[in-house]
Amino acid sequence: MTTGLDPAAGDWWRTAVSEVAPNRIRYRGYPVEQLIGRVSFVETAWLLLRGELPGAGQARLLEAALVAAADHGPQAPSIAAARMAATCGVGLNSAVATGVNLLGDVHGGAGQQCMQVLDGVRHRVAAGEDLGAVVAAVLAEHRSRRAFVPGFGHRFHRRDPRRDPLLALLSAAVDEGVVGGGHLAVLLEFERQLADRAGAAVPVNIDGITAAIYCELGFPPELGRGLFVLSRSVGILAHAWEETEGAGRIKGPLPPSYVAPYVGPDVRDLPAEHGGPA
Amino acid sequence: MTTGLDPAAGDWWRTAVSEVAPNRIRYRGYPVEQLIGRVSFVETAWLLLRGELPGAGQARLLEAALVAAADHGPQAPSIAAARMAATCGVGLNSAVATGVNLLGDVHGGAGQQCMQVLDGVRHRVAAGEDLGAVVAAVLAEHRSRRAFVPGFGHRFHRRDPRRDPLLALLSAAVDEGVVGGGHLAVLLEFERQLADRAGAAVPVNIDGITAAIYCELGFPPELGRGLFVLSRSVGILAHAWEETEGAGRIKGPLPPSYVAPYVGPDVRDLPAEHGGPA
Amino acid sequence: MTTGLDPAAGDWWRTAVSEVAPNRIRYRGYPVEQLIGRVSFVETAWLLLRGELPGAGQARLLEAALVAAADHGPQAPSIAAARMAATCGVGLNSAVATGVNLLGDVHGGAGQQCMQVLDGVRHRVAAGEDLGAVVAAVLAEHRSRRAFVPGFGHRFHRRDPRRDPLLALLSAAVDEGVVGGGHLAVLLEFERQLADRAGAAVPVNIDGITAAIYCELGFPPELGRGLFVLSRSVGILAHAWEETEGAGRIKGPLPPSYVAPYVGPDVRDLPAEHGGPA
Amino acid sequence: MTTGLDPAAGDWWRTAVSEVAPNRIRYRGYPVEQLIGRVSFVETAWLLLRGELPGAGQARLLEAALVAAADHGPQAPSIAAARMAATCGVGLNSAVATGVNLLGDVHGGAGQQCMQVLDGVRHRVAAGEDLGAVVAAVLAEHRSRRAFVPGFGHRFHRRDPRRDPLLALLSAAVDEGVVGGGHLAVLLEFERQLADRAGAAVPVNIDGITAAIYCELGFPPELGRGLFVLSRSVGILAHAWEETEGAGRIKGPLPPSYVAPYVGPDVRDLPAEHGGPA
């Protein structure tokens, strides 16, 4: 084994995540043989992402958030695309990759964006500003450009069934001192002001409540997307696998008896200069 | 909401994985609000993939296997590709998808293939054949086509540090009646015969031991790949994230000061019929 | 620039495709500045894939085949997945990658498989066997395992409109000595015998006729898939772009008013050992 | 075939790109059987993307730009990732998708960003502002935030060999009235002012010159990325194929004899509360 790399190439692939050498595998310094059987998969994810193991209360919160977002059915394009991929003659890995690839800024980004909003308000409050006033200003700014505040409301669920149990867990974690509670306070102030304005409630959705959890646990916003990817990978895998077990070959978005409505130009001849009929 | 779909399209996206309707999310029949805080992320994965919740001993085994395979450093092409993707201006989801997509038949398939071998021997033994004789026949067949038996030996580790702790957990699970032990017996018989033949040991590697665990837990071989994908997603995410936090832009496989050695034709003029110099 | 690489790393990224060094870019030895404006995009693809420039007749045939397969509408899962990706907040590159990734063994493999069949028959005929007898044997073998011969028939088109013009171009190329005609003869013999057997015709489809063209042009079967990927990339790009220009956000496979029919277990309580109601 | 779709689902997959119905395939209204053999692959791409066929001069310019960017060797992460994918046991389609997926905002976005800059200046000049003054202002704005103007300079080529021949073709097209020349003037003014400032030249690179061509041809900036994807797909395919033909299995970024330098925490025991040694 070459440990003394060419100086020019030496540092190119350096990493602090894991140490892999002959007969040696260590995650952030911990020998893998000590981890196996002693820490959970979610604790391992935390360790690899953050560098240290989580406390028990932190791991419980993260576990709950990952469970909550694991699936939302084949109406989601990520799930539908993975199911179609599974019928096209690619491996299960490529089907999962297809779904994961679709968790972009729009499909997978609301949580990340909500974390940025919560972080921003939290910093201003920590610097001495009034929580209610800052939230009101952020809401006004969103309204002025006709944008939704990410993390609230749902095109499908009037009241997201995942809100209450996650909120209860997060509140309990604040009470127990597992997390500080600053981001949760921001989240609830948004919900309160949105309800006042909207007449009807625009409650926290799954993106909002997991955003608050991830912020409280100290994850940066971009990793919020990463955690959603990890969580939804499970649903994507389960749906791709269900489709694999079916008999279908090359499953399009609609049954084969449908034809996509065509709304372009009517049939026409090729122009003469391209060899069309004179 | 349209629940009475057009008969032709109605069944096209049906699923038994989850039920999603306004204000209702159920995984395999369980309301998500009951699952949150009560079942682990790994139990949720089992539920969505298999249809029922695992027992505590089953969940422990699966958890250990997923921890063991979560990372193997940037020498792995899946990790390296995800790290490079993270520098190219795509989201963290696309970086993870890049890595997952590479866990194909070769990179991610050894476990799946080992499960097929173990299953095949297991069925023959269950039908009355002698374990030692069947394993010997399978080994002879592999040797005759100069193929390695998947799941044994490692180009890197003489003795894979993940073997012993996973084997201990699996053996304990057999003793406790959590799993039957038939596949484990097949695995160990392969290892014994390979050691006899090879003089030096060719011990079970991570693919072999996780294959035995997944077989014992009742997963079909193809899902073995799926579980490896889920496990390694964590390492892929952690490495992509570490690269994201770095300052690099457009990271190629070697430092920019290197040029790829070119071994094709020497410089030449375009032929005259393509407009080259006369 | 390091041209004398570390001996251990030196050959790792060597290539005969292109030479790239400071102020120098050569495709297979030809300086890029000579190619620009003188050779077509399709000739460049041939050069990079094969090592030499094609003759004019060869380039014309390849061009026609690539035009013919460029699009087949959003019923194709590759197109549909790319369109959905385009609404999810990923770049156009990731939308195209999503579609291309789905051109697997089933969706994109029929041409490649047909090339293998044509090559196999061609070799046996070249070795002295009778064309009609070999084709009959291959058909019998497919029937015995209830398999379709790849490249014939279409679930959608009774008579594929791309068959006749491509067949005419290929036949003309044989007459002009551009290609040999051996693979075309095999293709037509299959079509003849399938018509005899089936009563009704089971004509050559796009996969079959492009397979014959690619075989005649000397491409190996696996590259047949590669050429299909290149061709369909254009349709994938055009559809992803059309969707990008639309106003939709997160487009699932069916309008949001639909819910996917759920066919799994009825609602149920979590078992007591997982913390469910006693 | 169902042509009268359920009204709710009817418009969901409508398209103006192509019409596909039994025995009918039309690209933007043109029957595919008329296109085959008469229009080139690049003209087909233009037709599908833009809705109308290009003139001969337009097609020539687009063809040259696509040839110029087709490959830049395995130092590019897109090429390297595709080559690694080809060794991992995925189809050629998935290897190409891997490479294409990496052509993100950073790796594939400079051309698109340059098009935005050129378009912006062009609009201001068309509205009556002075070209030199607007360019100077844009340069000053970039300098103030320490940003490079996309499309100029190259970390590798002091003078990009693709600049001169593409510039000559574009200038000729302006002279012949094929395109208007407004964007080219902006591009050259940037180059002139950058040379003045820098002392040494910071010449137009491949992204800059293709950006001017695509702008002159009327493509929107986002499609600039799409055209680069199409172009580079050829190089990605050629490199993935070269790797496929090699003997390697699971090719990482460095030869197996290298180990990635580990820079994280030293080896440590698991904490006692996670079951580590007391």
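We just call them A, B, C and D in the order they show up, numbering each chain from 1.
In this section, contacts are C-beta pairs under 8 Å (C-beta built on N, C-alpha and C of every residue); 3 or more make two chains touch, one makes a residue touch a chain.
All of these numbers come straight from a predicted model, not from anything done at the bench.
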Study note, to complete from the structure: Hopping only between chains that touch, the fewest steps from subunit A to subunit D number 1
Exercise for review: Specify the chain most distant from subunit D by Cα centroid.
Suggested key: B
Revision key, fill the gap. Taking each chain's centre as the mean of its CA atoms, subunit B sits from subunit C at a distance in Å of 28
Review point. So how far apart, in whole Å, are subunit B and subunit D when each is placed at the average of its C-alpha atoms?
Key: 33
Practice item. Could you tell me the distance, in whole angstrom, between the mean C-alpha positions of subunit C and subunit D? Key: 22
**Study point:** Per-residue overlap in subunit A, given as positions that touch at least 2 other chains
**Key:** 2, 5, 8-9, 13, 15-20, 31, 35, 37, 39, 73-75, 80, 89-91, 93-94, 97-98, 101-105, 108-109, 156, 253-254, 257-260
Practice item. Please name which positions on subunit D make contact with subunit A in the complex. Key: 1-3, 5, 9-21, 26, 28-31, 34-35, 37-39, 43, 51, 53, 56, 89-91, 93-94, 101, 253-254, 257-271, 273-276
Revision key, fill the gap. Note: in the complex, subunit B contacts subunit D through residues 2, 5-6, 8-9, 73-78, 80-81, 84-85, 87-90, 94, 97-98, 101-109, 155-156, 249-254, 256, 258-260
Exercise for review: Name, in rising order, each residue of subunit C that touches subunit D in their complex.
Suggested key: 8-9, 12-13, 15-20, 22-25, 27, 31-33, 35-37, 39-42, 44-45, 48-49, 60, 63-64, 66-68, 70-75, 80, 83, 91-94, 96-98, 100-105, 108-109, 156-162, 164-166, 168-169, 222-223, 225-226, 229-231, 233-235, 237-242, 244, 254-255, 257-258
